[in-house]
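What follows is a pair of complexes built around chain A, which joins chain B in one and chain C in the other.
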Partner chain A sequence: MDISSFINFFLIPGIILGSIYALGAIGVTLVYAIMRHGHFAHGDLATFGAFMVLLFSASSGLSPYAALPIAAVAAGLMAIAIDWLFYTHLRTLPKIITTISSLGVALMLRAVVQIFWGVNTLSYETGIARPENWFGLRIKPHEVVTVVMVIGLVVALEIFLRHSKWGKAMRAMSDNPDLASLCGIDNRKVIALTWMLVGALCAASGFFLGLNTQVKSLMGWNILLPTFAAAILGGVGRIEGAILGGLIVGICEEMSVLVIRSEYKVLSGFVILLLALLIRPTGLFRGKVL
Partner chain B sequence: MNFVTLLNYPIYLLIFISIYGCLTIALNVQWGYAGLFNAGVAGFFAVGAYTSAILTSPAAVGRIGGFSLPVPVGMLGAMLACVVAAWPVGKVCLRFRSDYLAIVSIGVAEAIRLVVRSEEWLTNGSRGIIDIPRPFGDLPYAQSQVAFLGLSCLILLVVYFLVERQLRSPWGRMMRAIRDNETAAQAMGKDVPRRRLEAFILGSALMGLAGALYVHLTRVITPDAIDPMIVTFLVWIMVILGGSGNNRGVLVGALIIWVIWSASELVTDQLPADIALKAKYARMFLVGLLLQVILRLRPEGLLPERVGTAGGSGDLGRTSPEAIAPSEGSDDV
Partner chain C sequence: MTALLTMSSISGGYGDADILHDLSMEVGAREIVAIIGPNGAGKSTAMKSIFGLLTIRSGTIVVDGTDITGWAPSRIVRSGICYVPQVANVFYDMTVHENFEMGAFLRNGDYSDALERVYEMFPDMKAKQKALAGSLSGGQRQMVAIGRALMLDPKVLLLDEPTAGLSPKYMEQIFQTCRDIRNTGVALVLVEQHAKQALRFADRGYVLAAGRNRCDGTGVDLLNNRFIAEMFLGA
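Up next, the complex of A and B:
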């Protein structure tokens, strides 16, 4: 295999997939950092976001790209509502109960999507996007958009967390919730803000997944394992870890067809998750251990 | 219409309740007593179902199997296959706790589902395995259903009494001690990883037995018949509703949830076809909502675990508020 076919058939698709996983993994890591429980409804929240984009672009005639911000807000509000309805009163119980609850929420979100849109495969754009040839590299336009927008989102999030008042509050609460609360940080507001961000990130990852593959009701559930693998591989609570983890999982998944049958490709995230937990449970960036 | 055919539906319902009862006791051994979060119940259920199907079905082209062995051999084989599958899984995965074990067990179930889907030589892929014999298959349908109900209830009773006995023995006391305070149990010289593995394997074998019962009831098994999240989730909600850590409780949970699940199917089947499809998903939504309601109103379940009866000593009637979350005592991976 020469270098250009490696790049075209493994590296580029891997980076696209990895960026999508990275967006999801940042959300997973934020939930772990602030709420300290696993959020298994994450994938289905991404599905919900992807279908919200479909809803808003179809109903208003906007392009899917323009509908994304509206869908992100909708998914964020959905996440806040879910937290308020189902998770808030479980906070005094052991965290694993919230994890169980989130499995039920995943089922409910998926059912909502299936009731309103059915189980058929949909897509944002009709027709096949032809890859353009850039000096031997075959790249589809929406792949460029995906990577550019993911980088933009990550940079914006990083600036928000480092320099804004609320971003600092989030980081403080992640380090020590009691101390943060003593310093006058309103934990409830930080939690609501986190869910808003998590919902928006879910919508973005669901949208990009739908843009690069298809929009269907099980899409989010199918990326749950690689998303968690990325978050744990990077180190729980570490945003830069989630990004690196996402890219590693995405690229490994695309390259796994070199050694295993393509039916089992989706399991490569699971294998990476196992290896990460066995060899380095704190992840590459020394995150939290649950 | 004679009496027996009139009873067909309730009998069918009861058979399923006994199969799910077996699954809930299995999960209760793993979660209620050992604190192991297994979100891959459907995986071991499938291993048991397929093993028994392969062992007992007649010869077919294009896949191994067709051994036409008797049904009891199939059931024993199903349990054995689950032991063989659970041993390496447990060896590797049980060192992870809470969330991590949950996500890893989802991965295990997903891997099993992929194998079932793609290894045509073993499972006949998406076409599945047909002509699986029924026990008492020579009887007319109605009588054979009654006999099947007798068999499945007998198996459930045996499972219940064996597991109860095991849990009231020193082994059960030790499992709860490990669950509630791993460090203390370890300090007292208990071999924690080994005991956990025992509980995991015992539970998995019972899940396999339930899978075998299921497959001999339906006579056909395809990958679609075992929707991983539906089987797993129903069993989980049964255990949580009934009261994890209490075998009678989880059986009550199995009864209630399966009656709700089937009764709602009866209702939705009456609807026009296009609505009926949507109603199927609405049922899933309601099951998810039911879990939220249980967690909100009665997180310890209808029949909470009783503390103090494990050794058969006085029943103080105390209930443990932590009963639904046994594994929190240890936070290490």
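Up next, the complex of A and C:
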């Protein structure tokens, strides 16, 4: 295999998939950093976001790209509502209880999507998506958009967390919630803000997944395992780790078809998760909180 | 004396069992009050009860005329009282400067004057402002913690064992800082393990034992009290 087919058939698809996992893993990491529990509804929240894009673009005639911000807000509000309905009263109990209940929320979200849209495979209307040939590299326009927008989102999030007042409040609460409240930071507001961001990131990852593959009710559930693998591999609580973890898992998954049948390529996420937990459970970047 | 901070007959604890029993104390304007007592006496618990970090079953806490009993901590800070806990009192993964910024979270608009005052009080921290608080020594962390609490210009400052584990030199420095803070018009409540030094330096003191008031009085009186000396000062 020559270098250009390696890049075209493995590296580029791996980076696309990896960017999508990275967005998901950042969300998982944010949930853990602020609320300290695992979030199994993450994939189905992404599905919800992907279908919201479909809904808003179909009902308004907007392009899916233009519908994404609206869908992101909708998914964020959904996440806040879920938190308020299902997680707030569990806040003082052991975190494993919230983690498990998020699994129930995942099933509910998926059922809601299936009630409205059924179980068929749909896709976004973005016109033709013929690969451009750039010096022998075959890249589709929406792949460029995906990578550029993922980079943009990550940079924006990083700037928000480092430099804005409420971003710093999130880091403060992640570091020491009691001390944060002693500074006058209302923990409930930080939690709502976190769910807004997490919902928006989920919608983005769901949209990009739908853009590069298809839109269907199981799409988010299917990326849950590699997303968690990416978050844990990178070190939970580390945004840069989530990105690196996402890319590694995505590229490994695409390359795994060299050795296993493509139906089984999701296995690679599972293997990476196992290896990370066995060899370096704190992740590549030592896990911490924000 | 009109009290700035009044705790009246507080009973409460972390769960079902009460840790504090009928505890009362008072702090006047510009006063330094020391709280001493053996380990486990409930000194930290008393501080936390003022700040709404545990369940108060009965009694009231009044700050400057406002009854704050049962308020959330994030609301209590708005009443003009700030608190430096005994442990985990800085944001480890944030820089010194960011710690101070978090102290000023409730301030809208420009707070560079408050920042300047804090850096003036702790000149060493100026050079360390980009360092993560978690990378500092114990004494330096206390400075960050106290500086953080001063960012809101409190009327009352609660310090839980600010000198714990510090060398005599640092301890003297912290005490001097406390005097400076008082001279800016702030009342201080100081929980202290170094009972003798604390009583020598405080205006008044309270002795706690098993979650109750044991006795109180001026620092000098308590120092000269035979019983206290034998029980708590290791004389």
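Going forward, the second predicted complex is superposed on the first by the 284 of 290 C-alpha atoms of A that agree within 3 Å, B and C clash if a C-alpha of one lies under 4 Å from a C-alpha of the other, contacts with A are read in each partner's own complex, and residues count from 1 in each chain.
Here is the rule we use: contacts are C-beta pairs under 8 Å (C-beta built on N, C-alpha and C of every residue); 3 or more make two chains touch, one makes a residue touch a chain.
The structure displayed is predicted, hence computed values, not measured ones.
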Problem - Touched partner set for A:N187, first chain B, second chain C, both or neither - result: second
Problem - Touched partner set for A:K165, first chain B, second chain C, both or neither - result: second
Problem - Greater residue coverage of chain A in the superposed arrangement, chain B or chain C - result: B
Problem - chain B versus chain C as contact partner of A:R130, first or second or both or neither - result: neither
Exercise for the section: Report for A:F40: first if it touches chain B alone, second if chain C alone, otherwise both or neither. Expected result: first
Exercise for the section: For A:L274, decide between first (touching chain B), second (touching chain C), both and neither. Expected result: first
Problem - Common interface positions of chain A, toward chain B and toward chain C - result: 289-290
Problem - Complex interface listing, chain C residues touching chain A - result: 51, 53, 72-74, 77-78, 82-83, 85, 88-94, 98, 101-103, 105-106, 148, 152
Practice task
State the interface residues of chain A toward chain B in the complex, per the touch definition above.
Solution key: 37-38, 40, 85-86, 89-90, 93-97, 99-101, 103-108, 110-112, 114-115, 118, 221, 224-225, 228, 232, 261, 263-264, 266-267, 270, 273-274, 277-278, 281, 289-290
Handout entry: Parts of chain B lying in touch with chain A, wherever the complex brings them together
Key = 37, 39, 92-93, 96-100, 102-104, 106-107, 110-111, 114, 117-118, 229, 233, 236-237, 240, 277-278, 281-282, 284-285, 287-289, 291-292, 295-296, 299, 322, 324-325, 327-328, 331-333
Exercise for the section: Using the touch definition up top, name the residues of chain A that touch chain C in the complex. Expected result: 165, 168-169, 171-172, 174-176, 178-187, 288-290
